[in-house]
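Next up, some structures in structure tokens.
Heads up, the next two complexes both have subunit A, just with different partners, subunit B and then subunit C.
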Partner chain A sequence: MRHDFLDRYSRLHSPIHRLPAVLKLAAALAVVLTVVLLPPSRVVLLGAVSASLLAIAWLSRIPWRFLVRRVILLEPFVLGAAMLALFQPGGWRLFLFLVAKCTLCLLGMVLLSNTTTFSDLLRLLKAARVPALLVTTLSLMYRYLFVLVDETQRMKRARLSRTFTPQRTWAWHTMATVVSQLFIRTSERAERIYAAMCARGWR
Partner chain B sequence: MSCAIEVRDLGYRYGEGTQALQGVSFAIAVGECVGLIGPNGAGKSTLLLHLNGLLPETGKGEGAVRVGGTPVRTDTLHEVRRKVGLLFQDPNDQLFCPTVFEDVAFGPRQFGLSETEVRERVQQSLAKTGLSGFETRAPHHLSVGEKRRVCLAGVLACDPAILVLDEPTSSLDPKGRRELKELLRQIRITKLIATHDLELVVELCSRVIVLDGGAVVAEGPTVDLLSDEALMLRHSLERPHILRHLHPH
Partner chain C sequence: MHIPDGFLDSKTAVATGLLAATGLGVALRQARLHLPPRRVPLLGLAAAFVFAAQMINFPVAGGTSGHLVGGVLAAVLLGPSAAAIVMSAVLIVQCLMFADGGISALGANIFNMGVVGTVGGWAIYYGVSRTVKGLFGCVLAATFAAWCSTVMAAIACAGELATSRTVGWWVALPAMAGIHMLIGLGEGLVTALVLAAIARARPELLQPDAATGPVRSCGVVVVYGVLIALGLALFASPFASSWPDGLDKTAEVLGFKQKAVGPIVPVPVRDYRIAGIHWSVLGTSIAGAAGTLVVFALAWSLARVLVPGAKADNETSPRQAP
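Up next, the complex of A and B:
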């Protein structure tokens, strides 16, 4: 089964996709830093950053619907954090400003992950001397996320094919079973992967 | 006769108490292609893991395993793993890198080759397995057959002297199976193939070892053993059709 829910558009062809990965990573980090450090009075600058991100999004040919949906998916976390601002005097303004800031950061990251392949990002991290263990962990995580989703789907299908009467208590019960099964299977797989790594000289 | 693999009186018990292997002894000569057959749970995979020193108690258990004259011990593991290339049953366990190139390059990089040598090795193994042009593909975008071939490329890139395969044809379509069979035929190094695909054994292996209940129960030329219907049925196997045509008694 094919999975690309994480970075569906990272292999498109566009002027943005063709840019060197190092440039895109640097730009994304610069956007995040600028936006985070911006004081609430500099609304114009915030507008400028959003305009340039939108221009990049347009140039990258990633469908708008996908970008909007992806940002909305992540928005609950932003709202949760921004809510705290409402408890201060004049909180509304701060609230909106925080939401705008975080949304821009998210958009920047969504754009980065959909215009640069994950293996390119990993290569950059390695070149930037991020500890090898961390890079390996990230690369394994990216790889096995898809395997795990596959396995969950297969288990779900197998369960559904033998579910005849929908019952709430049972649903919770089977849910718990599925989660524990996944946990066991994952740790068993981890052992097999480690064996496979050792077999090819990992030390 | 120089031995590629020599196993003498090998026993192994898993932590939870299952006796997986007991008194297993056999030898495989250099250049031979041997089939390892037997029912589910006979201990085939456990035996293969021993050939790469992949079980935690390596060298401490009973009996001894030698590959290419080197005893498998904690201090010889790297040498042993370089000599023996192991193809795992589930390609997903073996493909752990984000791209095909990275995965095939994993072994050679571990052996400390220079980046140009690594590149060369990867290109060679990908060409050998018919996967040139797959370098930047992600493993989760490949079919099972392609995954299996990438695994094989990753093993071949380590330039092993002995190839050990665990169920290489499971879940492949007939074309994938045929292609893999031809590939294996072209790889002219010592091979040990654990499988339920008895037709593959007939086509590739000159000799078979039958494992059941953790022990070697029979050993001999492929055609003789696989034609012995009583022996086959006794160990949950069967006489492959291909042999019925070869020996119409």
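Up next, the complex of A and C:
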């Protein structure tokens, strides 16, 4: 069971975690919008936003190493996309600006996802009149994400314990079979879940 | 291909948000009308499956690895509208829980991967598998559609980045399309292998009527078609012509141009054109067409390998008698 990377710190106890979810979502949106819409002449504001985000991170008692590692893990996507900006005249300033902005947005969203439980966010979506089918899909997805990730890891462990030398030529074939097995098990599980839901009075 | 926050300007973010909301709305309505209640839990489970499958790494040369995106796989297994919902759910969870893909770019990501990549990919799958029947046709069509969907989503993504003036057209398009033409080969191969493995183990799960049955209402096809065409016209038209870009034009016509927040960073894109642009367009188009033909041939031979005895199967229609 090594899937605690999913939303590990969203159930901590801290002043930030106790705030209502609406407030946190609104704050995260405000941070992202401010940073995204910021003209490059207002670099001071970027500093202000980053200072407040760091204060929130300190108040929320999420370990620093986790935050840094999570942001660094997501950084390749940002760097890859920002790299395209390097190919035009005067691109390096744009590159630095883009990377700084994106890192701040990432930090804001990582803080949101680790201070708010997903079910609270789903409740917000429901209150915002998002179609019920989408909310049901999202909540079922969140509920069974952990189960399926766990199942994937069990299949991986089973495969590793049976293959002594990984054959590179057949690696893709084996992986694809694992994915197909995962789908078959998923659809069987969906049938069982439907039967169980009906048995409990789901209409 | 997840666009992070900060790469799209406000007009692009709003336009893609509207396109994505319409596409997702049509898919949800379609599912509410036609999806049997038995399959409602499968939507959530399939979204979790796509998420878990994306975590399985396929080794590529040099210690790097890639993973499945799964839009076309989901569309083949569940049908286009359900697949659009599934992929949107995956993108929403990735954005809210993992900060993978920005929240201001959520609309763009859903439009690229959930609508263009999934529904557009399914349309190609539908077309090809109607002409080439049987399991062989199914694998061939899915492989080709998976490649096309990756490239189409990449082109839409490049168009959005260029429309936001973040990156110039002549940088964004070749880089994104070129890289994703390679990545798409992997996506096609994995999709084919997974479908062939499912067909071996549980052939009844490859639901022919969910994915390739007769399209029930023309309205949905029209709406999806108009959405994708609109997206391409807005974001990909500057590539094909030197007209003022579609969104600017629309903004001018609708009169909200003054209110729109200007480009975040003034990039000299408007006047940044390579000499001999017409040749470039022609050359790129020819290269793209040739690449597509090569991929189709590759998909054909892959399907031949994965579905042996395809000729004999063609006559007996393996879907009815697996």
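We take it that the second predicted complex is superposed on the first by the 197 of 203 C-alpha atoms of A that agree within 3 Å, B and C clash if a C-alpha of one lies under 4 Å from a C-alpha of the other, contacts with A are read in each partner's own complex, and residues count from 1 in each chain.
Following the convention adopted for this analysis, a contact is a pair of C-beta atoms (placed from the backbone, for glycine too) under 8 Å apart; a residue touches a chain by one contact, two chains touch by 3 or more.
Just so you know, these numbers come straight off a predicted model, no measurement behind them.
Colleague: Decide which partner touches more residues of subunit A, taking subunit B and subunit C as the two options.
Modeller: C
Colleague: Does the superposition put A:I16 against subunit B (first), subunit C (second), both, or neither?
Modeller: neither
Colleague: After the superposition on A, what does A:S139 contact: first (subunit B), second (subunit C), both or neither?
Modeller: Once the two structures are laid over each other on A, A:S139 reaches both partners.
Colleague: Once the structures are superposed on A, label A:L124 by its partner contacts, choosing first (subunit B), second (subunit C), both or neither.
Modeller: A:L124 contacts neither subunit B nor subunit C.
Colleague: Touch check for A:L67: first (subunit B), second (subunit C), both, or neither?
Modeller: neither
Colleague: Given the touch rule stated above, what does A:G201 touch, subunit B (first), subunit C (second), both, or neither?
Modeller: First partner only.
Colleague: Kindly classify A:L38 by the partners it touches after superposition: subunit B alone (first), subunit C alone (second), both, or neither?
Modeller: After superposition on chain A, A:L38 lies in contact with subunit C alone.
Colleague: Quick check on the superposed pair: does A:I56 touch subunit B, subunit C, both, or neither? Answer first, second, both or neither.
Modeller: Touch status of A:I56: no partner.
Colleague: If you lay the two complexes on top of each other, which residues of subunit A touch subunit B in one and subunit C in the other?
Modeller: 118, 139-140, 142-144, 147, 189, 193, 197
Colleague: For the complex, which residues does subunit A have touching subunit C?
Modeller: Subunit A residues touching subunit C: 6-7, 28-29, 32-33, 35-40, 70, 74, 77-78, 81, 84-85, 87-89, 94, 97-98, 101-102, 105-106, 109-110, 112-113, 118, 121, 131, 133-134, 136-145, 147-149, 151-152, 156, 168, 171-173, 175-184, 186-187, 189-191, 193-194, 197.
Colleague: Quick check on the complex: what are the subunit C residues that touch subunit A?
Modeller: It comes out as residues 2-8, 10, 13, 24-25, 28, 31-32, 37-49, 51-53, 55-56, 58-59, 68, 77, 85-86, 88-90, 92-93, 95-100, 102-104, 161, 166-168, 171-172, 175-176, 189-190, 193-198, 201-202, 205, 261, 264-265, 267-269, 272.
Colleague: Can you list the residues on subunit A that touch subunit B in the complex?
Modeller: Within the complex, subunit A contacts subunit B at residues 2-4, 117-119, 122, 139-140, 142-144, 146-147, 189, 192-193, 195-203.
Colleague: Taking the complex as given, what residues does subunit B use to touch subunit A?
Modeller: Residue list for subunit B touching subunit A: 49, 52, 54, 77-78, 81-82, 84-86, 88, 90, 92-99, 102, 106-107, 110-111, 136, 138-141, 154-155, 158.
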